[in-house]
Amino acid sequence: MVYLTRLEHFNAAHKLYNPAWSREKNDEVFGVCANENWHGHNFDLYITIKGEIDPDTGFLFDAKKLSRLIKEHVVNKLDHKNLNVDVPFLTGKMCSTENLAVAIWQQLQPHLPANVQLHCVKLYETQRIYVEYFG
Amino acid sequence: MVYLTRLEHFNAAHKLYNPAWSREKNDEVFGVCANENWHGHNFDLYITIKGEIDPDTGFLFDAKKLSRLIKEHVVNKLDHKNLNVDVPFLTGKMCSTENLAVAIWQQLQPHLPANVQLHCVKLYETQRIYVEYFG
Amino acid sequence: MVYLTRLEHFNAAHKLYNPAWSREKNDEVFGVCANENWHGHNFDLYITIKGEIDPDTGFLFDAKKLSRLIKEHVVNKLDHKNLNVDVPFLTGKMCSTENLAVAIWQQLQPHLPANVQLHCVKLYETQRIYVEYFG
Amino acid sequence: MVYLTRLEHFNAAHKLYNPAWSREKNDEVFGVCANENWHGHNFDLYITIKGEIDPDTGFLFDAKKLSRLIKEHVVNKLDHKNLNVDVPFLTGKMCSTENLAVAIWQQLQPHLPANVQLHCVKLYETQRIYVEYFG
Amino acid sequence: MVYLTRLEHFNAAHKLYNPAWSREKNDEVFGVCANENWHGHNFDLYITIKGEIDPDTGFLFDAKKLSRLIKEHVVNKLDHKNLNVDVPFLTGKMCSTENLAVAIWQQLQPHLPANVQLHCVKLYETQRIYVEYFG
Amino acid sequence: MVYLTRLEHFNAAHKLYNPAWSREKNDEVFGVCANENWHGHNFDLYITIKGEIDPDTGFLFDAKKLSRLIKEHVVNKLDHKNLNVDVPFLTGKMCSTENLAVAIWQQLQPHLPANVQLHCVKLYETQRIYVEYFG
């Protein structure tokens, strides 16, 4: 069993805002992250898969194909978007990095081939904060 | 003459959009950067000053004081903001990284002490794109 | 279950020296790290916690609050200090990165809220050497 | 139980080419990585060991000694080499990063002292692709 | 006047070998870099241009277009290649990072638009060695 | 004319303290940096030289020889040292990063060969603060 990780990037706007709460409570809980006019981040996304090495190629899975799958099913739907407004699979969810990591797992997992298991979605919101989700 | 550089960060939303143009022309020129619902970045800001070393302290200028000046006059006005909407000193300007670097110079320069010269504003929009302005 | 990691920094002096040994044996075992006049490092500290996502906030735990807890109970007691001399919770311990990581766990763990578990203390002594402790 | 990681580097040439296949099939499967005149990488190698802390030193294992073991048994055999041609322990294997990580484990593991276990070989082929092997 | 920099990557094999010299002299001068079976690197290429900001776009030059020009005229000719064998514009030159930086300048400079000046080619051979050329 | 840069590292203890001042004034001016028991840093040192390319080697100067000169004349005298106590060429100077960069220039410059000019000493005290000196 080996693990292969691929890094991709996307840039997006978001805000943290619970519509069930008042403006005041949102400001109190989320601080500047609740700015109603949005802010944004350069997200770094590490996708780790695991499985057996194919003896003919030496690959667990072709890293270029993995990159294309991540771009098709995740990055192209998030890059240069507003996460609260433009992304159907995030509708109705709090746009935290935690929820975003879980949603990315759900988007990508069905599209991986049968011999490969998704192991980890690791998502950096800034260079100092990241979330990991293992399914 | 020595040069001292301090790195600060801010996260912000923006879009590239020229209101004198049609939606179609904006999309053609700016592509995904013109998304009307905004996107965002983690900006890395390097401020470089130059001058003589003070023999009593060994400092050109106290890096902690430089950090406070950058935060007070620049970072606090940009962090977790929408650059097109929330920042008075950017009103009416295209929110490109080039214009942002020039505007940061204009904000910070008047607040540096007389024995220190601002040398460079270096602003990373992503890890692969940065702008430098030397006044 | 998701994992959230926060990076903090501190700068400190230390030396590796076992007082039960002769100067010669310390030099032989620890080499330049035993320099009696100390040396120092910029330590990078990654704290990882785990738990369930709060549906109201989308957070495992507010990363800003995590930062404040790490600063209050760990970083403020280590930053710009001499680890062998200035830090009560390290008294009588060898000031290795291994022991420092374990001690940081012991300092931080009691102050985390009940719904959050400390998962990992990861401590970089240099860009090429780090220690992880999982409790 | 603590974990200690040491980073080392090596630069090498390789190509991905299965001699049981035609030139056309190799090009189809491996793309530019099959260039018959080779290409190359700066590999970053993270070696993680685990075990108990020695109370006399505060060390799991001396990081300088770990560095020397990695250099002697791994880096010196790979650095500035052609992985397909110059490395006896890779003869007859596909020179993928997956196979290289497994081979590095096999080279290093017998030379670690009895109180230390090899935990992970993590090998970056580029800043965006890495493989982990846990034995 | 502002400066805009774009980072691109390529991976390539090379060796340092002066055909006018004996094998022994090449080994003496270039050491392991003269390995006749090649070695390789992940090169990081920073291209800096300078000029005036276009008031309609806020751009010195569209960073995406700059990326495409660098890829078309430089990266696509070097990536996954053997620098000594596969690159017509390097034929007959010593494949040092210095010569490569100068050759990249000569390849790219004629293709920049008239209102933009090439300012610097900065080329990392490893994370610890880079060359800059200003024309 | 090309520029070649080499990165080296050293770890050291220091404090900022002017012996002509009272304890109180030192604390007021230097804050935690004046801790009498020292603190320390991982310093990153970038040395840039400039000159013409040698047509026989393609080199401005052999980067391995440059590394050896930096280690012999600078790094070996600073690494795992106390900058205030252990370093003859810093005696009587304030141990600021500014003064350290100037002193490194003075140590290294006389040992470079005639066809090479020292261009810049760039010294990182932390990842957020660096000093440059151009002679």
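Letters A, B, C, D, E and F mark the chains in the order given here, with residues in each chain numbered from 1 onward.
We adopt the following convention: a residue touches a chain if its C-beta (ideal position, glycine included) is under 8 Å from a C-beta of that chain, and two chains touch if they have at least 3 such contacts.
Nothing here was measured: the structure is a model prediction, and the numbers come from that model.
**Student:** Keeping to the contact definition above, tell me which chains border both chain C and chain F.
**Tutor:** Touching chain C as well as chain F, we find no chain at all.
**Student:** Quick check on the contact network: minimum steps from chain A to chain F?
**Tutor:** 2
**Student:** So using the touch definition from the top, which pair is joined by more C-beta contacts, C-D or D-E?
**Tutor:** D-E
**Student:** Please state whether the interface between chain A and chain B is built from the same residues or different ones, using more than half shared residue numbers as the mark of same.
**Tutor:** same
**Student:** Taking each chain's centre as the mean position of its Cα atoms, how many Å separate chain B from chain C?
**Tutor:** Between these chains, centre-to-centre, one finds 33 Å.
**Student:** Distance-wise, how many Å sit between the C-alpha centres of chain C and chain E, to the nearest whole number?
**Tutor:** Computed value for the inter-centroid distance: 41 Å.
**Student:** Can you compute the centre-to-centre distance for chain A and chain C, using the mean CA position of each chain? Integer Å is fine.
**Tutor:** Distance between chain centres, rounded to whole Å: 29 Å.
**Student:** Provide the list of chain A residues touching at least two other chains, using ranges where the numbers run on.
**Tutor:** 127
**Student:** So which chains end up touching which?
**Tutor:** A-B, A-C, A-D, B-E, B-F, C-D, C-F, D-E, E-F
**Student:** Residues of chain D touching chain A in their complex?
**Tutor:** Going by the criterion above, the answer is residues 16, 18, 20-21, 29-31, 93-96, 98-99, 101-102, 125, 127-134.
**Student:** Within their complex, state which residues of chain D touch chain E.
**Tutor:** Residues in contact with chain E: 9, 11-14, 32-33, 35, 37-42, 79-82, 85-86, 126-127.
**Student:** Given the complex with chain D, which residues does chain A contribute to the contact?
**Tutor:** My answer: residues 1-8, 48, 53, 55-60, 62-64.
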